[in-house]
Structures are given as C-alpha cells and as structure tokens.
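Below are two complexes that have subunit A in common, paired first with subunit B and then with subunit C.
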Partner chain A sequence: MASMLEGSGLGLLKGMAMTFRHLFRRRITTQYPEQKLTLSKRFRGYTLVWDKERCTGCATCAKSCPQGNIEIVTSKGTENDYVVEKFQLDSGRCIFCGLCVESCPYDALFLGMEYERSSYRRGDLVLSRDKLLFTPDKQRSAYARPKLEPGLPRQTLLIEGDTGSKKR
Partner chain B sequence: MDWWPLGNFWAHFAVFALAIIVFVLLMVMVFIWFERRAFGPFQMRWGPNRASPWGALQPVADAIKVLLKEDIVPAVADKWVHFIAPVVGFLPVLLIFAVVPFHDGHGLIPDMSIGILYVVAISALSVVGVFMAGWSSGNKYSLLGGMRVIAQMVSYEVPLVLSIISVVLVAGSLSMNEIVAAQEIPFFVLMPLGFLIFLIAAMAEINRGPFDLLEADSEIVAGFHIEYSGMKFAMFYLAEYGHALAMSAVAATLFFGGWRGPGDEYIGFLWFLLKVFFIFFLLIWARVTFPRLRVDHLMGFGWKFLFPLALMNVFVVAAEMIVWGEIDGGMPWWIVFINLPAALVLIYLWSRLFRFGGGRVGVNA
Partner chain C sequence: MESMSSLSTDMELKTEPFVLNMGPQHPSTHGVFRMRVLLDGEVVVDLEPIFGYLHRGIEKLAETRTYTQVIPLTDRLLYLSSMACNHAYVRSVEKLAGIHVPERGEYIRVIMDELMRISSHLMAVGFFLNDLGCSVYTPLLYMYREREKILDMFEMVCGQRLTYNYMRVGGVSGDVPEEFMPVLKRFVAEMPHFIAEYEQLLAENEILLARTKGVGVLPRELAINASASGPVLRASGVKWDIRKADPYSVYDRFDFEVPIGQVGDNYDRYRVRIMEMHQSLRILEQAMRQFPAGEACAKLPQLLRPAVGEAYGRVETPQGEMGFYVVSDNSIAPYRMHIRPPALLNLTALKDMVVGWKVADVIATFGSIDIAMGEVDR
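Up next is the complex of A and B:
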C-alpha cells in the first residue's frame, strides 16, 4: 500500500502536517533582555574578582598575563608581608584566557559570571582595585576553582526545559 | 441602490481608487506582519515582537528604515529602465484590485463583464517590471533571475487560466461579482482539483513559496532586485506582497465565494477579508514547508504535471456541465461526490505517468 502511493504527492501532505504540528510546539527562543539563560559553572566572564584577604601581592598573575595587562604595585607591610597598593587591569584588552586565575598560588583571583560589558567610554573598561574587590554579592566562576562548583546553579540551554518534542 | 451616494461615476471612481490604494498599502503591511508572525511558531520562535505589542508596528519600522536608505544605482545600469522598473512592477498589482468585488457589487468596477479575463491579462504584466529590473541592473545574477521569472510565468500562466476556465464554465460569467453570486456552494468544494491547480499556479505566479526561483537567495543572491536599494527596493517588496494579496483576493472570489457568508449582508467585506487571510495562510504554510524547486523541475512540474491535469479538469467539468448543468443554476451539489474522487484518481494516475528529466543521455559509457 505504502509503496503504491509512493511518489504521488503524499510526501507533500506529510510535510505540511509536520510543519502544522510545529505551530503548537513550545517556542525555544530566549527573549534576551527579559529572559536570561544560566551560564556554565566554569564560564570565563567579565570582571576578575580579587580577594584582598588572600592576596599576598606576589604578582604571579601579572607575570602570567599574555597581554601584560595586570598592573600590581606593592609596598612592604608591617608584619613581614606586602600591602597591595594598586591592582588594576584594562578589561578592554583582557582576552579572558584565565591564565592569571590558574597561576594564582593562593586562590585569590577568580573569573566573574557577567557578560554585559558594553560601555560608552574606553576609560570605563579600566578596572581599579575597588571594582575588582570580592564582595559576597559578586558571583564567582568556578573556572580553575573546582571547590566553588557545588554552590553554583546548573547551566540551562533552553529557557524553559525541553522543546516538547519527545516525552522523556 | 438609491442610498448609495456615489451614483456619479467620477465620484465613485475617485473614492474607490483612493480606497483601493489605501487598502493595498495597509494590507501589504498587515500581510508582512502576519507572515512573519506566522513563520515564528512554524519554526518554534516568536517572530517580531519588539515594536509595539505583538510587533504590530514592525512593518512600519521596516518601511521607515528602507525609505531612509541611500538609493544606489550601479554605474553600468541602464538608468531609465532601472528607475522605471519598480513602478512597472507595482502598477499591474494595483490594477488587479479594480475588478475585485469587496462587497456585493461594491468595488471600483466589480461588474466589469470581462472581469476575470482582465485579472489574468493584467497580473501577468508585472513580470515585465521584474524582467526590466533584472536586465537593467547590469548584473549576471539579476539577469538570471529575470530570465527565470519569464520562463516561470509563461509555464504557470497556462494551468492558472485553465483552472479559471473551469470556474467560468460553472458560473456562466466572466464578471467577478457574478461568479461570486453563482456560488451557492463555494467552488473549492465543487472543484477541488481546480482549486488546487489554481493555488499552485498562483504561488508560482506571485513568485512565492517553493517557487521563488527569481530571488533564490542561496543561488543567485537576491535575483532581480540585487542592485536595488532604498525606496525602489521597497517598491518591489510592496509589489511582491501586493501580488500575494491580489492573488489571495482573486482566489477568495473565485473559489471561496468572496463576500458571501452567513450572517448579516453588511458584513460581506469581513467575510471577504477572512477568506483572503485564510488563503494567504495556505500560501505561508506551503512556503514554510517546501524547499525551493530546481529550475528544470519547476518547468517539468508546470508543463508535464499541472498543465495536463488542468486540461483534464476542464474536460471533466465541461462534461459534467453538458450532462447535469443548467446555464443559470450551475451544477447540482452532489457533483462533489464525483469531483473529489475524480481529483484524487487523476492526481494519483498522473503522478504514476509523470517523470522528470526525460531525454537525459547517460554518461556511463
């Protein structure tokens, strides 16, 4: 039966039925400014997060930066340590390779989870110490910091679950 | 119709000419919006939804954008032909609406005695504008697009006219208004095969859906309007959707009973509009489903499949008219039970006989 009807235009009807069923499926578009997807836990994102308490001022991050982008100035402290006076980077030149985070021996540097970094002036992209400083409301990426991973939400690829094509 | 204040011919002409221009421009915008919003769910997305609620002002924004763009004329272009082509392409589309009955006997000239013949004659003219554009641009791709549209138009005009002939046979008149008046039962029920052929041929005629060979973004970039920008491009866009609107209106008139419908006689225009939208939805549905045809397949489909089927359809309808038809009463309703199986059998049989690429020489020596 099926072979008898083959090539007589039934395929066209099947195709039209298929597209008609699509009319009632869930729409998978993310309406970006209103809806946002959860990023990967190891996302390499905007604003390096710098933990002042852990940093010893060794400047390993500055040496490992392929762009030579991190500027760090230290002075001798009172208790046989260094005080970081200046920690600054131009995020416009940052390539988000994460080498600084990987190289930090004291886990004092983290990558951020933001990605909206457009700005009207190039000067705004130069981030000083205060803007990089770690505060509890800043979300840190688990990139090269696996201990942070359990605390982060799972990545989502669609805005509301699956596309409704198959029942699982 | 004494209450109608437009007894004066010139007042009637002026009012309806203006009304038709406004109607076409407005409906083209609505159609563009409707098509893009309908494409959305077909492809599991939303379509335009940023400019005002449901993206209703998107076509307005697009129109403003395209009108403010720079008008570029290629150095090698034939300047005058290049300039006049969009107008030649759009004018016939506007002229089709002169004979479309929007309501019972209301329109510019809805009672024109050769109405449907006029539609066929005029709607084919817009191809001249397209070919002028393709030729005058001085571009290989646009010329290819222009040549394709001529071949396509010539091939698909024949089944289109043949399917219209079957309607005229049953209605017993060429006037659009009288064709509507003759449809106690809408003709797409009486002649399903005729409607199918008309719809496919109309799709090819307005260069949409699977038959958009003259644009063919993936092969010849944008075809005939590759060298057009700004307002001239907008004109072609207008012509394209205007033609779709015109063909939907003609199909609604010929096969769906135009302004006829249940309810008060004054809402005839709304019925007409509803049917136009329904037919346009069918066109969108076909466009979103089927991939573009190859050029030789397009010609083969037109001449080897649609043309013989249209001839047989005319033969069947004519024979039925001789046996059961009455000149004024049309065909009896139970003709449906003959015509629907006949349509299926004819399509099935002809799909057995129909082959692409006849006469191809093998190369495996």
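Up next is the complex of A and C:
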C-alpha cells in the first residue's frame, strides 16, 4: 500500500483539475419552489381527471387497477344508460401506473399533471367525484391519449441546458 | 512481542471474537440489509447475511393479478433498473403465450434497456465510490447529472422517472414521441466525453487504487459455483452475457463486445461497469441507425389467457441475469411466478469475498456488487 502511495498526488491533482474546471460550467440545478420544470407531455401525475360526459360507467378502469383502488357505483338511468353515482379513488393507495387510463375504451379518464401532493390528513388523499371532475382549468396529461400531445408545452430537458423557467 | 505476551499472562488479557451487527438501518447497506459480522479486532472472520426486511411477497401478489397488472410490480424489484425487469417479465409471458413482438417494439425495448444499463451502472459506480468514503463523493454527483438526462428521456416516453411500467406484453405502452430520437442522438454523442471525465477523475486516483486493487477477490471458480452473473461474474474473468450467450430481442443484430476483468477484485468490478457503458453506447448508436418504422405494440386482447404451460424468460439486466418463471393454468392470472434474482445470488458470495479484510472493505465490497434490496427480498 505504501509503495502505491509513493510519489503520489499526481492522480489526485489530475482529478482536482477536473473538479476545478467544473467551477466555470453552466449551472444545472433548479431553484425548485421558485423555478419549475415543465413536465413531460405524458407525465403520470398525482391526480386523475374524469370526464363525466364521456363516461358510461362500464368500470373497465376499476377492473384494470392492480390495487383495486377505483370505486364505481352506478344506477340505471332513464334512457337505457347508467348514471355514475360514485367515482372515487384513494390516491394514497394509487401507484400511478396508468393502466386505468390505458384501458378506458371511451377516453373518459386522464392522468393529471399535478405533483405536489402533500396534505395534512390522510383523508384528504381520497379523491372523490367532485375532485376528479374535468374542468377546463385542469391540465390533462397526454399519457395514452396521443391526441392531447400537440397542445401541451415542450418538456424541459437538461441535455439542452434547460434548467427551468421562472414561473409563479 | 515478548513484553506483550508477558503482559497478557500477567494481567490475563484475553481477546475474543466480536459480533458486530451491521444494518438493517444503515446508509451504506443500500436499503434494509443486515449482516452479522464476526470480527477479530478489525478483521472479518465470518459474515452472515440476514435477508427479509423488505419482503413484500411479490411472487405471491402476482398470482392475484392479471398478466398486465403484474408489470407495475416488476418495477419495484430492481428499482434502479426497472425497464430491464419489465423486459424480463414481458418476455417470459410472450414466450408463454407465443406472442410475436413487432420489430419497432423490440428496438424500443433494446434502446430502453441500454439506457437503463448506463444509468444503473452510473449509480452503481457512483455509490460504490461513495461507499469507499474517501473524498470521492464528487463523481457520484457528476454521475447524477448524466443519469438525469436519461431520466428525462424516460419521462418523455412513459411519464415517470423511477417506476416506468413501460413495457407491455407484445411491445411497449406507447411509441416514442417525435422529439425522442434527436435527444437520444445528442446523448449518445455527448456521453463518451463525460465517461472520459470520470476516467480523468478516477483512473489514476491513488486512494481509489489502494482501496480497490486486490480487495474482495471473487475467484473465477467460486463465481461460477455461486451462480453469480452480470458484471460480478464478468469481473472474475468469465465471458458470460445473456445478450451474447442466448440472444433475445434483437441483440443478435448488434456488434458489441463483452468486457471482462482479470482477477475479480473490487477494481475489476468497477472497471467492467465503466467499459460496459461504452458498449451500451455502441449498441444505442447501431439501434438508432437501424430503427424501423411500424407498430410499437402488437394488437392483443385486454385480458390474456395463455394456454396451460410454463415458460422461463431471461434478460441481462445491469445487475445480471434476471429471469421470470411463469406457469399458466389458462386463467387470467399466473398460476405461479418465480423470479430468478441477479443481485441476491451475487450477494451470496459476499462472505467469501470479505473474509480476511477489514470492516471498511466489507462496505466497499458490498457496494461493488450493486444490489437493490427491493429485488433481494422481493
């Protein structure tokens, strides 16, 4: 061991020259709460977005969920259809695999783009019908919905030297 | 010496082996791994690994899920190389059900596998250096930077950065977007420069050489007998890579080499990983050139019902051979699924590698195996 370290320092100095050069490189970090990255168009975010108009209550999403997490209660409607009375999921148990969105035959379910998911109570993580309901201000992810892809902003990529913009 | 022996007889100073419990909650055990180490002074006499702190029963859970629903579970095995785990599972189901994957799907899989290999090896090497402890934290952060670029690409294709759930039986969940290929091209062009940077930082670092050369040797015969695979086996001088030995997907169309080490010490395991990154870049380059048009996924019914039978599909993950043995009873869920874990089997040779070395070398050798507890305990 001693012989290996003899006359040493050269390899270490070479490495240090490397780290020294890094001082003059472009910054790659993002000051998170102030600056934010634009997410991928297919981002599988925290919440689901549910389109009431398109949903027929077939419960394919509930069957495809690996966690058995989606709860749907329907009743017979007036015009040979079903009324969705309850559409609920516990996002604390959800693994955001996106299989429900992929399996939906009517394009009624979307993944959302949110990702700041902390809350003070576990009960707040349960997303009921009203919280899931699609409104124009909710951004929907293009995951398994390629039609939405052109309308979404381009993802920030570190390889292009992009470290996020000042939003908020 | 004389004075020492007289001292011990005079004062009856006795020494005895000391049992040291390492883990399960210890930052350098990469999860919740526990070792009971028998020490003589600072030298390891015996080591007993204790598994099971992260056991989630994934094999049993798979029996209650449909074939597609198992894929998110496989993400949670080797969590630093989930794409490869996905691939191993879907490959065995495709074998079971006799499904043909479109060519474009196979190429996308190979691209994802190789990106995953680079990313996983970056983390393996980075954390190994971190485990060595001696002022080599910097490379880990540099490697995070390159890994970030790969994760950006994964996020682009499947929307997640860790649990991808990207591969499907019959292909992949979605074709790559238009902007993916230019980014990949840029990454493949830039990456050799960054690997050269790590080389400059580390190749001649005297501390690194002193800490790794000749430490934790896994002899060739023992590596084979312990069914080690992946970089751990190749570092011991065995040229064995599933991509070459039993070509799957479209790996037989690419020209690449299998780097091997000479002695099987920590340094060789680190070198093999660095060299494999170069080979992965070569494969990526060729895959980009040959990238075909067409469908990314075969048209299949939503619920698979494979005929009664069994299949074993294996792929070369960054850690080694990962295989899934799936038995079907013609229902929508696997009757039985068994996982051949690469990291667990590599880990069984740990005792033979560290006996006679000091405690600090146990941590370093352990880091050089590159495990993920999610897969060891399953």
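Basically, the second predicted complex is superposed on the first by the 131 of 168 C-alpha atoms of A that agree within 3 Å, B and C clash if a C-alpha of one lies under 4 Å from a C-alpha of the other, contacts with A are read in each partner's own complex, and residues count from 1 in each chain.
Quick note on the criterion: contacts are C-beta pairs under 8 Å (C-beta built on N, C-alpha and C of every residue); 3 or more make two chains touch, one makes a residue touch a chain.
As the structure is a computational prediction, the values presented were derived from the model and not from experiment.
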Inset, instruction - Based on the superposed arrangement, let me know which partner A:L12 touches: subunit B (first), subunit C (second), both, or neither? - result: both
Inset, instruction - Between subunit B and subunit C, point out the one touching more subunit A residues. - result: C
Inset, instruction - Could you tell me if A:R26 is touching subunit B, subunit C, both of them or neither one (first, second, both, neither)? - result: first
Legend entry - Touched partner set for A:L158, first subunit B, second subunit C, both or neither: second
Inset, instruction - Considering only the touch criterion stated at the top, classify A:S103 as touching first (subunit B), second (subunit C), both, or neither. - result: second
Legend entry - Contacts of A:R42 with subunit B and subunit C, given as first, second, both or neither: second
Inset, instruction - Applying the touch criterion given at the start, work out whether A:Y143 contacts subunit B, subunit C, both or neither, answering first, second, both or neither. - result: second
Inset, instruction - Look at A:S64 in the shared chain and tell me whether it touches subunit B only, subunit C only, both, or neither; answer first, second, both or neither. - result: second
Legend entry - Where subunit A meets both subunit C and subunit B, residue numbers: 5, 8-9, 12, 15, 18-19, 22, 28
Inset, instruction - Can you check the complex and tell me which residues of subunit A touch subunit B? - result: 5, 7-9, 12, 15-16, 18-20, 22-29, 31, 163
Legend entry - subunit C-facing residues of subunit A, complex: 1, 4-5, 8-12, 14-15, 18-19, 22, 28, 39-44, 60, 64-66, 95-99, 102-103, 111, 141, 143-144, 146, 149, 154-155, 157-160
Inset, instruction - Would you tell me which residues of subunit C are touching subunit A in their complex? - result: 65-66, 68-73, 138, 142, 145, 148-149, 152, 155-160, 163, 165, 173-174, 177, 179, 183, 186-187, 190, 197, 200-207, 209-210, 213, 302
Legend entry - subunit A-facing residues of subunit B, complex: 40-46, 49, 285-286, 288-290, 347-348, 351-352
